[in-house]
Amino acid sequence: MTAVFLGIPTAPRGVGHLRGDLSFPDAARDSLRDGQLRANLGHATATIRGKRAAVVGEVPDWAELREAGRAIKAATMARLDEHLIALEEQVTARGGTVHWASDATEANEIVTRLVQATGTDEVVKVKSMATQEIGLNEALEAAGIAAHETDLAELIVQLGEDTPSHILVPAIHKNRAEIREIFLRTMPGVDPGLTDDPRKLAMAARAHLRERFLRARVAISGANFAVAETGTLAVVESEGNGRMCLTLPQTLITVMGIEKVVPTWRDLEVFLQLLPRSSTGERMNPYTSLWAGVTPGDGPQEFHLVLVDNGRTAVLADEVGREALHCIRCSACLNVCPVYERAGGHAYGSVYPGPIGAVLSPQLTGIEDNASLPYASSLCGACYDVCPVAIDIPSILVHLRAEHVEAQQHAGPEALAFRALSKAMSNPRLWRLAQKAAGLGRFLAWGRPTLPAALPPPASRWTRTRDLPTPPKETFTQAWAREHGG
Amino acid sequence: MSARDEILGRIRTALGPDRAAPAEVRRDYRLTDDRSPDELLDVLTDRLEDYRATVVRCAPSEVAATVGSALRTALGEHSPADVVVAPGVPADRRPDGAVEDDGRPAVALAGYAATVTGVAVAIAETGTLVLDGSPLSGRRALSLLPDCLVCVVEAAQVVGSVPEGLARLDPLAPLTMISGPSATSDIELQRVEGVHGPRTLVVVLVA
Amino acid sequence: MKVALFATCLVDTMVPQVAMATARLLERLGHEVVVPPGQSCCGQMHVNTGYRREAVPIVANHVRAFAGAEAVVAPSGSCVASIHHQQAAVARRAGEHALAEEAAALADRTWELSQFLVDVLGVTDVGAYYPHRVTYHPTCHSLRMLKVADRPLQLLRAVRGLDLVELPAADQCCGFGGTFAVKNAETSTAMLTDKMANVLSTHAEVCTAGDASCLMHIGGGLSRLRSGTRTVHLAEILASTEEAVTPHQSTTPAVPA
């Protein structure tokens, strides 16, 4: 059953960051030529792969944890409506206010209204994929509200007027020299003697943001988990910018996708083991903040939770594709993906890059708005191996390719070719004829062992960089039949 | 129709009229850690030091002196009044002259150089201290704004695994799980300790 | 044992020497080899490109061609992985439940070559002789879907005269990926370049693997570079003996057809 058939809307166009301007192959063409980007990504992903492998390797029950994580997510999705209602009750009972947003536009309107009601014109933000997805910063800016990103990598991206290219490390495409240059150019009052030492750069960010944290009246965060039975929200982070935002301002607005709910408090014992080791390659991330509603005398005294759909229910309608909603945003799949490592995050055109992005973005937007993404994979399966909740990404990619093919009204040349090939391959007599025809290709080689590099498209897309062997005179089955008198 | 009804309706449509019962979640991962209490203290120490935290052990009678000495190491010569303690920290465990958090506006805590708190639980396997907003742990801003955090951990508060740790906590309390000093790996995935949270973490293990 | 050989569409049409080597090897080990004449393709290319409906008649043809076979062996990790993980699923999705049952049953009797040798026949020393410096690339579907693990390496280590050198970053995809190699030709080439750099760093004469498709990709790149390093399928190495070997650099098969 598909969302289109059921009339469930996908994420609307014209708002947020789920669609790119270019198809994946076109966008990748540019990034593949960027030697600095390739070097930065190669270095960073190799580092994090090694760290993850080491800390996952030391957990004897990793397979059991992973299976439990998968099962919890599957069980959550099967009763998503009930868990959201329970979450709403619990958060409300503890002094929070719950808002529901059908899509990015509604979510942005809700948050803007809430900020305006406080009378402030600036907010501090914890890194959040949901707010990136809906384009909240742009919406706030349009309303005259300045949103200050406080995660170091998000700050680098924001100051550099760039876009994130990784879920966990949005500035993974920048190296220390490039970051130093951005800070020198954009940070008011920065020490002109700033070096490219990562420690010095981090200290510059600390100094830059300190005063903003202390004066902020409103903070906006995402959420890694929300526990339905208790109303407990969780934010997992490293730098302490999250704690600053979640603790110091009077008002906290948390924006989360509806799929982030988990049924029980106990479920966190699974995810708090799976996430840090998969994500930063640490046994535990430096800080995890957990809160339920409002605590008098401790932290924000006004708490709003905004539950966002924005295409998630459309994903839920697809029995195969819905597994993509299990994602806990660890980014392990990005770090092992050979396509991501070379093409980079921007080539995916969405805030969700890499293998998980290639299955999530097209489902959130509707497949035709991101039709090239399911093909942006060699189906090597490394993503499935490392996924802490065992999302079978290769199978979803293949499924979405079929959904795209089956959505076409008219058969193009590729579809016609595959149909003809299907006819041939399902009829031994026709197949022998087709093989004979392919064998005629050997005459193009003029007796050489490989075919010429200059073949017409689509063969040229292979032969531009790779030789193609000259087809043999005789197929194996022919030779065998000849030998065995068949 | 409200957005709430709209979304809940979409979920019901997406899941269909005859949705299957969710499969049972098998929790056959490790729920407990069989290692001895002494071993767990060693594991906790090892993990914390791996995060570049400082760990010192002392007897129950030496806590105040050990905390004082750790503060001198971390801060150098300092005024006793630069140190703020959580209100629930017993008087005989406070360094001389330290100020008790009196509930002043949270941002005012930024003026202190160091904080001394207790913890609710410590998880050995991951090197994690959990503060729960109780008088002993202090409010959240207290363990956040001063640049040096000293946490006093009782041996009896140390558990082996994450499931054991979470089982001891109140899900409704404002909880902060702390595993080492604040850190970032945002620049070339190289870990740098100390960004916005305390740059120095000292753990006093009372055993 | 009577073994039905599934050559696979690519090997049958483009590199017949790989299927011939597989047959020779199994015969040398004392087994009867049959080649069902109705065979064509497992349907993987259709499924993986999005033509799962069009794959169903191909699956049906495959099931028909191998009906009654006691054991089916193919010199391809990815085709066997498709038989195990995709055939029944696409049939079931198309509502062809009887076909799905038959495909699943056939999959249970279908093995990738190295798994068949090590797990079913219980041999690691197949009596081969191959006096070359060789590096082994574990193809993704062999490694991750079939979990062949070190079986091919066990087989290679037992080959007399063979100097096995470890391939750096061996588990990284070569960039083939079926139609990925043409739909995303530039990313595919970038992946291939790194794979070739690793292969060349070993100074091996031969890069081997259990999939002719990946080898056609890696070999096509190495040939374009005039690197002198060639690709040879695992089956060809295992089929080589003192009596039938081509020790010189050549693109011709090690085993005469």
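Each chain carries a letter (A, B and C) given by its place in the written order, and its residues are counted from 1.
Note that in this section a residue touches a chain if its C-beta (ideal position, glycine included) is under 8 Å from a C-beta of that chain, and two chains touch if they have at least 3 such contacts.
These numbers were taken from a predicted model, which means no experiment stands behind them.
Shown here, the protein chains touch in a chain-like sequence that does not close on itself.
In this assembly, the chain whose C-alpha centre lies farthest from chain B is C.
The greater number of contacting C-beta pairs, out of the two interfaces A-C and A-B, is seen for A-B. Put simply, the C-alpha centre of chain B and that of chain C have 53 angstrom between them. Rounded to a whole number, the gap between the C-alpha centres of chain A and chain C is 33 angstrom. With each centre defined as the average position of its C-alpha atoms, the distance from chain A to chain B rounds to 30 Å. Residue positions of chain B touching 2 or more other chains: none.
Contact of a single residue of chain A with at least two other chains is seen at no position. Of all the residues in chain A, the ones that touch chain B in their complex are 1, 3, 6-8, 40, 43-44, 47-48, 51, 60-61, 64-65, 67-68, 71-72, 74-81, 84-85, 94, 99-102, 106, 150-153, 156, 169, 171-172, 175-176, 179, 198-199, 201-203, 205-206, 209-210, 213-214, 227, 230-232, 238-241, 243-244, 246-248, 258, 265-270, 272-273, 276, 280, 282-292, 295, 297-299, 307, 309, 313-314, 316-317, 322. Chain C meets chain A in the complex at residues 7, 9, 11-16, 18-20, 23, 35, 37-41, 43, 46-55, 57-58, 60-61, 65, 86, 140-141, 143-145, 171-173, 175-192, 194, 216-217, 219-221, 223-224, 251, 257.
Residue ranges of chain A in contact with chain C, taken from their complex: 24-25, 28-29, 32, 38, 338-339, 342-343, 374-382, 384-385, 398, 401-406, 414-415, 418-419, 421-428, 431, 435, 438-439, 449-450, 453, 458, 461-462, 464-469, 471-472, 474-477, 479-481, 484, 486. Interface of chain B with chain A (complex): residues 2-4, 6-8, 10-16, 19-30, 47, 50-51, 103, 106-107, 110, 123, 125-128, 133, 139-141, 144, 162-163, 166-167, 171-190, 192, 194-198.
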